[in-house]
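Structure first, commentary second.
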Amino acid sequence: MEHLLYIGALICVWVIVSIAVNLVIGYTGMMAMGHAAYLGVGGYTAASLNIFFGVNFFLAMAIAATVSAAVAVLTLLPLLRLSGFYFALATLGLNFVFFDLFHNLAPRVEGSEGLHGLKLPAALVSAEARFATLLAITLLCVLAAKRLVDSPLGRLLRAARDRPEAVSAIGKNPTTCQIVVWGVSGAMTGIAGALYAATLFYIDPTLFTLSASIAMLVFVGVGGLASIGGSILGPVLLISFTESLRFIGLPSQYTGPVQQALYGALLIGLMIFRRQGLLGKYDFRE
Amino acid sequence: MRLYPIRNLLFAIASVLVALPLALAPRAALAQAAKAASGEPYRIGVTYPLSGPQGAWGQLLIPSMEIAVQHVNAAGGVNGRPLSLVIEDTKGNPEGAVSAMRKVVQVDRVAAILTIFTNVVSAQMPLADQLKVPLLSPVEAPGLVAKSEWAFAHSPLLSRTLPLVSQRWQRDKVKRLFAFYPNTPIAKVGSPIVKAEADRLGIQYEETLFKLGDTDFRGLITRAKNFNPDAIFIFGHGTPDEGVIMKQTRELGMTTQMYNGCACVTVKSYREAAGKAAEGVIYAGFKYDVAAAKKLIDAYRARLGFDPDYGGLEVYDMVFMIAEGIRKYGYSGDGIRRGLTEIKDFRSIGGGLVSMDKDRQSLVAVGLYQVKDASKPEFVELKE
Amino acid sequence: MTSANNPANSPAAAAAVPGALPARGLHLAGMAMRFGGVQVFENVTIDVPPAKVTACIGPNGAGKTTLINAVCGVYRPYAGRVYLDGAPLAGIRPHQSVRHGIARTFQDVRIFPHLTVLENVLSALPSQRGEKLRHLFRPGAGLAAETRRHRDEAQALLDSVALGDAAQRQAGELPFGRQKLLSLARAVATGAPYLLLDEPAAGVEGEMIERVIALIVRLAKDEGRAALLIEHNVEVVREVADQVVVLQGGGIIASGSAEHVLNDERVIREYLGRIYHA
Amino acid sequence: MLAIGLGLAGYYALVAVGFALIFATLRIFHIAHGTVFISAGYLFFVLHRVNGLELFTSGVISVAVAAVLGLAIDKLVYLPVMRRGGGLFSVFIASLGVSLIFEAGFLAYTKGVVSVARTDTLDILSAGSVAVRTLDLGVLALVAVVFGLLYLWLHRTQVGLEVRGLTDNSPLAAVVGVNVDRTRNHIFLLASALAGLAGVLTAYDMGINPDTGTRTLFVAVVAVILGGVRNILLGTIVGSVALGILTAYAGFFFPEWVTFSVFLTMILLILWRPQGLFG
């Protein structure tokens, strides 16, 4: 049971990330492929503050959200002038750049490669409490995201996704919308990063690599573009599936490769048969 | 809209897929928990990388544990009950480490865990404190296990192996020493120790870090070359990378004598990567007395067709250490922990006696060896 | 800054002398566009008075659409200036032109295909607090009320152009003609008093044309908006235009009241003639 | 140092030119090109090192298989995606999928142990302090020859002509009667064969890890972006040499920042001029 609660918590983290990524990829059509970097920034900010300065974890999480948002926007600004595909490529590069940054510069507890020793509040210690807390936070993120995408701003995002030039023709600045939503996405990813650390009690650079970004892409792609429900479905489906592999008797050394191969196959299948994903409304923006 | 039929279908599939694990998991959990309670074998958790970049280690070391378990059980088991291993893949990364550990502890209810790798152990230590389950691993990063009273290490620390090598340096009048470390915690703690030793002996010292998983180290080696050392010291995790470095060193025209801080040359993949370049290498490491280890070596050869490396000896020991803990204080996390802390003059399969120090780091017997033929694990112990 | 980087001796400078300017209305003075070295048009001066429909006709490639883009700040004119109610309108970015009171439509429609018809119009309504993040998560921002108000507004507008029935449909699914109508409605929704309409009737047939015409006329006569209409369809022009300019061969060859220009010998010979005998 | 840089440049160039060919002509961002590269490497490793098949034969077989694999990826993945209206990005994602699957396979097979297809140490020509491995010279010579042939192929043959037609504008080429499908096959076969050759050489020389493919590919991508896709041959050569030297020196001065510098270069380049230096 405890184990399931832990997996539940893990799923919550990835749901938040997927929603954050879907906000930019699905609703705004910005091909974000480097969110692992922001996840890492969030995780490291929260963990460092909590471990080295004894900042209350939830406060640290809030700060982490802000920092991630800031980093996200700062990394976005220079990339804004890039056309869709080169934009994707540049964000992809972020994964590698930030990995080396984390690996070479990020603080680490002596003798290990990363950070442990979080001083967690009661609400995050026991398995039950942690799951409940994460579920609550995830719910908040879902509601916030829903509020955003159903708002006039969200409408503008979806408009800009298809016809940025027409958006300026009706007197709204599409670029501003993009920056705003990217910041929101960054903040959410930062929160997820903090919760990720709280779920694992530990973070190190190997958690924030290209493969994490790919996982996000798969979750969003499978769940469905521009669909909050999809971003919930995606991680729930895939994580519970791969974790269930542990239980249905498959020797555990195959879960790793099977999972990776599965993700690969899913990506191909999606691109051929259903580019908008299970619950998606739109196609990928080319 | 038109999509609805498809959607409903997809929803159906989706819900089934979600239901599947939720339905299966608890049953599996109960089943296993029940077994443990009705108490036949004592279960030991093994959280090792079986897939992913470090996957090879699981494949190499687990057989050696299984052999140890066989030997224990053949000798009547522990308090008349057999041992058994519950193996989970960590994929060598923190998330996998935590998932695997939670699974073996919370689902399979094991009372002790054999694990490996600094990043995995770091990720598991906070959990060990919480779940009160001892971790026993061959990590070689000094100070790591000191962080948690539930973490134990059975491995030769550099502080024990280096003196043997440095005697050699003195004997051979080494004047200029160049050292290679992987960019991992080991290096971060290893390099100052070596540097201090070099200073003590008045040896010119220069070092560089290499990235595990890289295949082209010639840039670094060129550095070494420019430094023109008369001794090269490599200290890592016994990964093939170090073998590749040795080979590429030779291929850049350096004939300098090479030393290694661990018994990596006993690792097959390492020897293969190094090729002829490994010959003549002098290394200090975990005591590996072929005669003493015969019963392990034979069994291991029978299974995998080659000899176990020094890690195989370490993990073999670990199974016996845990068995001893259970024997003394019974099958419980705390019991086994006490057992491990009290280990004294434990006879290692490699020969030599082992005791735990107060930081839960084993003090192992070490030896100085030179590689004769790289194609097979042939090395001679060097005595002064 | 348009004037700043003008060559002082350019004809535009001469044409753009203030004083000759009408106090009200949109006034394009001595506009010139070049891409690279290639000249599109030069010294184009058009006066777009309020509550009137000014049509700009001319063959393809005469630079009519380019003219609109130059006015809206999509391109920076090579020379010339845009005056709005006598004040120069310099160096604006596309999304700012609406704020100054100029909205445009596109020849190829460019409605938001994935939004509903209603949303298309809604998105164009000016100054919505719901589009600012800071209002979005502030309780008591009264967004609900605002939203309701806007919905009614948008619905009313749609009804007025006989699109009310399609309000909830995906705009992309509408037939082309109604999409044109929608794009017009969207421009209208911005509330801008000056509309630059890029061939609103092109590709539209029969009864739809009538509606487009009706809408344009209504905008001018009832709502007192000014329209700069770019159109190939001379019949439409005859119906709606108060005055006409003919843009051809990189310059204006005729301008004046509709019937005068459309009956002008030279215009018929050089331009309309070609259409009739085509 | 320079020798090392050039040696690397050789491998990069072989991968990069194929990638550039495909990207410039078909607008396919062929991540799986790295998969083709690595697959050839592993096949070669298995044939030569594991099964002790003779060096040259194993090499040829691996390259041939690589060529076919490349074509198969196009036929089984890219074409279906494009036929169903997938664009540049969809194909890119699908390509990513392909490389994920293969990488998983190789991980399962090697458990991440580096695979070096040779046991012998290479002989070296040392003149004073500088020592150059004969292999590097061999590789450079080989690459020079390959590029020479490529030049002839592009400028002297009908297919080459059509290829260059495609680089300018694919639909146009279709109009003026280029048999796009046939040319496409040629391109994939050739490009993949070159990647295969690079894979074999790398596996023989430095050895390969399951992720070497993707890594090398990204380096090649940077090289191509650096050189610009319009001018396939010159672009890739210049790009690869520049990058080979960059990585060699990065590996010398700040080994911990090699990846960092490569990808920062890429991002800055995209920002500076997406069309590349010779675009």
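Assorted remarks:
By letter and in written order, the chains are A, B, C and D; residue numbering begins at 1 in each of them.
The definition used in the following text is that a residue touches a chain if its C-beta (ideal position, glycine included) is under 8 Å from a C-beta of that chain, and two chains touch if they have at least 3 such contacts.
This structure is a prediction, so every number in the text was calculated from the model and none was measured.
Of all chains in the assembly, those touching chain A and also chain D are B. Contacts with chain C and chain D are shared by A.
In this view the innermost chain, defined by its CA centroid being closest to the centroid of all protein CA atoms, is A. Greatest Cα centroid separation from chain D: this falls to C.
Two chain pairs are in question, A-C and A-B; the one with more C-beta pairs in contact is A-B. Spacing of chain A relative to chain C, judged by their CA centroids, is 42 angstrom.
As a whole-number value, the distance joining the C-alpha centres of chain B and chain C reads 73 Å. Inter-chain spacing, taken between the CA centroids of chain A and chain B, is 33 Å. Centre-to-centre separation between chain B and chain D, using Cα means, comes to 36 Å. Shared interface positions of chain B, i.e. residues touching 2 or more other chains, are given as 50-52, 55, 58-59, 183. Contacts with at least two other chains are made by residues 107-108, 256 of chain D. Multi-chain contact residues of chain C (touching two or more other chains): none found. Checking each pair of chains for touch leaves A-B, A-C, A-D, B-D.
Interface residues of chain D facing chain A in the complex, by the touch rule stated above, are 29, 77, 80-81, 84-94, 96-101, 103-105, 107-108, 218, 221, 256-257, 259-260, 262-264, 266-267, 270-271, 274.
Put simply, chain D touches chain B in their complex at residues 1, 4, 8, 107-108, 110-114, 116, 118-122, 124, 126, 129, 131, 133, 202, 206-212, 248-252, 255-256, 258.
Of all the residues in chain A, the ones that touch chain C in their complex are 144, 147-148, 151-153, 155-156, 158-159, 161-163, 165-174, 180, 184, 281-282.
Against chain D, in their complex, chain B makes its touches with residues 50-59, 183, 208-211, 213-220, 222-223, 225, 240-241, 244, 247-248, 250-253, 269, 272-273, 275-277.
Touching chain D in their complex are the following residues of chain A: 31, 78-79, 81-86, 88-90, 93-94, 96-97, 99-101, 103-104, 214, 217, 221, 254, 256-258, 260-261, 263-268, 270-273, 275, 283-286.
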